[in-house]
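Labels run A, B, C, D and E following the written order; every chain starts at residue 1.
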Amino acid sequence: GCSSVANQDVLKVDQKNKQITWGVKADTRLFGLENIRTGKLEGFEIDLAKAMTKEILGPNGKAVFVPVTSSTRVPLLKNGNIDTIMATMTITPEREKQVDFTKSYFDAGQSLLVKKGSPIKNIQDLNQPGKVILGVSGSNSVKNVAKYAPKARVLQLSDYAQAMTDLKSKQGDALTTDNGILYGMASENPSYEVVGGNFTKEPYGIAVNKNQAPFRNKLNWALERLEKNGTYNRLLLKWFGNVKGFNYQEMKR
Amino acid sequence: MIEFHDVQKYYGKFHALKDINLTIDAGETVVLIGPSGSGKSSLIRTINGLDPIRDGQLIVNGFDLADKKTNVNLIRKDVGMVFQHFNLYNNKNVLENIMLAPRIVLKRPEKENREFAMQLLEKVGLADKADNMPAQLSGGQKQRIAIARSLAMKPKCLLFDEPTSALDPEMIDDVLNVMKDIAENSNMTMLVVTHEMGFARDVADRVIFMADGRIIEDDSTEKFFGDQPTTQRAREFMSKISGH
Amino acid sequence: MIEFHDVQKYYGKFHALKDINLTIDAGETVVLIGPSGSGKSSLIRTINGLDPIRDGQLIVNGFDLADKKTNVNLIRKDVGMVFQHFNLYNNKNVLENIMLAPRIVLKRPEKENREFAMQLLEKVGLADKADNMPAQLSGGQKQRIAIARSLAMKPKCLLFDEPTSALDPEMIDDVLNVMKDIAENSNMTMLVVTHEMGFARDVADRVIFMADGRIIEDDSTEKFFGDQPTTQRAREFMSKISGH
Amino acid sequence: MQNFIDAYSWVNIRFLLQGLGITIEISVASIICSFIIGTLLGIIRYAKIKYVSAIVGFIIDLIRNLPLLLIIFFTYFGLPNIGVKPEIIPAAIMALTVFESSMVAEIVRSGINSIDYAQTEGALANGLTKWQALRLIVLPQAIKNMLPALVSQFISLVKDTSLATIIVLPELMYHAQIIYGQNTNYIIPMFVALAVLYFIVCYSLSLLARYLDKHLA
Amino acid sequence: MLDIITTQWHPLLSGLWNTILCSLIALVGSLIIGTFFALLEISKYRIVRLIGSIYVEVFRNIPLLVIAMGFFLIVPMYITKISGFAAGTIGLTLYTSAFIAETVRAGINSVEGGQLEGALANGPTHGQAMRYIILPQAFRVVIPPLGNQFINLVKNSSVLAFVAGFDLMYEGNLIANDTLQTMPTYFIVGVLYLIITLPLSYYMRHLEKKLA
């Protein structure tokens, strides 16, 4: 269990097998989403993971993707089903107690999605009894809400589709999560908009198990190389260049 | 009291009762015998409408059972039945078994109902079992309660379908004695399916023999047991069962 | 062949067999009678180890049943049993019912097994039912198959527990005739619980009468039926069951 | 209406059917495994083997009385602690097998108990050993008696596969969620499709059982 | 594990309470609906029987998850706002009622035919025989299987976790995600479920033996 996974040097094993197993999202637009036509996963994180794999293992290196949810990603990492997580996972001090993060690969911030014309303009508008905020269970954003709008009630749903449906059927007043994900939903549902700016910083990190310093260092190294050689910016442009309201220029590295 | 005119009965395609013609007068005691599967139960069950007939006329206590408009509940009030396996109400104690139908069907006043029920228990020799549940009784006791339950409705006619054949041999006499008592000391019309030839000889006015869904003998008791049955089938049957 | 020495048997706290002493020699035919609940079935079931005894010694075919190390399967090979409710294998046809035990217990070769089974079916008069399932047979036929099934093991001893009391009266003779045939034309040791006094009179060497878990009479057949039983209990019992 | 027409595009239908394929694959595998294991456990429990039966019985009772969701978590997240690191499909099969075996074991035990002890006595008196009587006489009859209960358990199993969406098993329910996740207008069409597809599979199973029941008699 | 209990006892207990509440509501609801459809299924009229069996077959052959999530997502679109707890409880009630209908029907059928005939021959009408003789006996017969349905119901109430129903499983998921101590959290959740279901199931087995 913990011992066997912790004792193995994941980097060495992966280099030997010429593959890295990534835990990724399959239901999150722009980051990791299953293409119904092809059955393949697509998104910024998927492309970045592929590029990093090649960077670390060479051109023959293979990226294996295991779909995870916010709830399953950490147990799977700890159990060794996956080597590392790149699944819109915010770096937080609490999580750092359980796993190690690389430096941030995407600087998201938490925001709000509301119906166009809604009286709610920012997080303070939600801080009153009777307001319902929708989120997805296991995500960091619902925990932040307790800090910024303690009087509101939070419903944690099992996926973004449920959350979006509940927002549409007025079960909640706003949907909160990271801006990148919200922009993805807004682009699909034009009568909804992202409001209130980013009221938190949500740096996404790649997570590995504790005691895997060599692997983490290697991931950091690969990320830096991709940032330097322009691959990172190219992927950012590919996925976020056309998203309305999203200022991708700011995110360039 | 009971009249069958050319009655036919089917189970699906199986022809269970064929051309039955039979008249039983009020007060008569008739014993019905015949091999297994010959239709004795089928015949007796048509009389109180537990099984429907296909064709012919069946008049019981003035009601025509072939007529769909006849309310069978009216017939059943006056025609009691005692089954091989007693069919007591498992969820009611002995007294309630006896008192239930008079209370809900005849609306007999509670006090009178209870007194009459106790009288009947006395008669079948089980007054001390009034509060027992059926599961606590032996087969012979159950059957005597079943008879008391039928009598409680003050029927004009009683049907018995092998009332002693599920009983241990030592219990049989107690039940037969109760039946004899009814036959001899009341004006009840009785139709009894049984293999107890001693009972038939002592109590019956007539013996009817069935085979393959037909009545093939209908004799007075003296004739049946005296001169031997007329048909070969009946003679064979009698020689087989004698002694058991 | 069978020896009981001071055998005691309990069901929980209930003392079902009390101080049983009894010897049955090879080849004897013994009939066991007594009122319901007197312990007849209990006694017979201890003989092939279906029920354990608490105390005393019980020696069957040389094996001591009181000894826990005795392998009861060895006894059962040589001691057949026929039950009131036949207990045929419901999932096997008639032939398989007969052939199963010889095949897997005695490893009798298939051809010989089948021939012997057919011979037995012949003997009980049911050769034409070889392929039927038990559910398709009448009670009397089932019981004859059950007897054939026991005989297929070529036992030294056969136990019968009320083999005819679940049968329609007309079927009883067929079964009793098969049993008579075995008693008279083979050297089988037979212990038969039955209420059929005619059978007892004709076939038994001895009659044993039980009451309340004790053997209270053990007479030769002539004595039992000739001089009347000695004890009051047995006389009472006999007068009650005679005629049914 | 337009939503329905769009939702039932060939691409979406194909994706749903792929999910249905996994649902069926997992169901069949789990049915086979849990039938075999459950029967063994049921017999062990019936046989009253000293200590063994009691311990097996207690474990069965624990599993039977927990929600399947927890069993799924325990299997998927817990098994690696004892060195087994199954992929998602084998993991789902294992989780379902663990849970359903315990249900099958109970069915088998009460199925065996439902056979009149007279059948065993007949066999014992005929010279068979206890195990021969169980194997050749009692079990075959018991299985016929158990068939209705077994089939409804297996129908439950098929329905229960949907819970494995929680660990991202790519079965029918999950695929429907992926589709309506990408266009929330498809929610109603997708739930209609789910209801119809699950109904077809489960109802055919019960028809099959009814057929077997008649023709095995 | 201890720290989870000390820091998280509040959501755990409120989850446990919601699980119990949902189970009790669904039990009462499904008993009423289930008995109603059982009576439809044994009616004299073909059409009524057909309605009964269509209801039962539909709800028996669709996963509870689909029913509950369907309610949760679709009802608010057209009818009214509905909480996850309500949607889940309604779904659970309808789903369970189909099984209860089957149980009650089997109970009525299992009271042997002799009881009905005994009553009819004694004078009571079909309806009176049902009311005084058959149903009271059927009710006794179905108590153990109904108990088992209730245990299933408690376990099945965990689908509320999928629709934000604030039940034990939902709270357990949140705690597991928050603390990232997955196994210890689910272990505690499991023990809490067993506290409800295990005594119930042993009691039912005892009752089954006693009634047999």
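Heads up, the rule we're going with is that contacts are C-beta pairs under 8 Å (C-beta built on N, C-alpha and C of every residue); 3 or more make two chains touch, one makes a residue touch a chain.
Being a predicted model, the structure only gives us computed values, none of them experimental.
With contact taken as defined at the outset, chain A and chain C are each touched by D. Touch-path distance (fewest steps) from chain A to chain E is 1.
Put simply, the chain farthest from chain E by mean CA position is C.
The chain with its C-alpha centre at the largest distance from the centre of chain A is B.
A rotation of 180° superposes the C-alpha trace of chain B on that of chain C, rounded to the nearest 5. Across D-E and C-D, the chain pair carrying more C-beta contacts is D-E.
Chain centres here are Cα means. That of chain B falls 52 Å from that of chain D.
Centre-to-centre spacing of chain A and chain B amounts to 84 Å, using the average Cα coordinate of each chain. Mean C-alpha position of chain C lies 46 Å from that of chain D. Separation between the centroids of chain A and chain D, computed from CA atoms only, is 35 Å.
Annotation for chain A: residues 71, 75, 158, 165, 168 touch two or more other chains.
Contact with two or more other chains is made by residues 77, 81, 166, 187 of chain D. Chain pairs that touch one another, listed by label: A-D, A-E, B-C, B-E, C-D, D-E.
Taken together, the chain C residues at the contact with chain D in this complex read 48, 50, 73, 76-77, 79-81, 83, 85-92, 100-101, 104-106, 146, 149-150, 153, 159. Every residue of chain A that touches chain E in the complex is listed here, in rising order: 70-71, 74-75, 78, 94-95, 97-99, 137-138, 143, 155-158, 162, 165-166, 168-171.
Across the complex, chain E is touched by residues 61-62, 64-70, 73-74, 77-78, 81, 152, 155, 159-160, 162-163, 165-166, 173, 187-188, 191, 194-195, 198-199, 202-203, 206 of chain D. Across the complex, chain B meets chain C through its residues 35-36, 168-170, 172-173, 195-196, 198, 237, 240-241, 243-244.
Note for the complex: chain D touches chain C at residues 118-119, 121-129, 132, 136-137, 140-141, 144.
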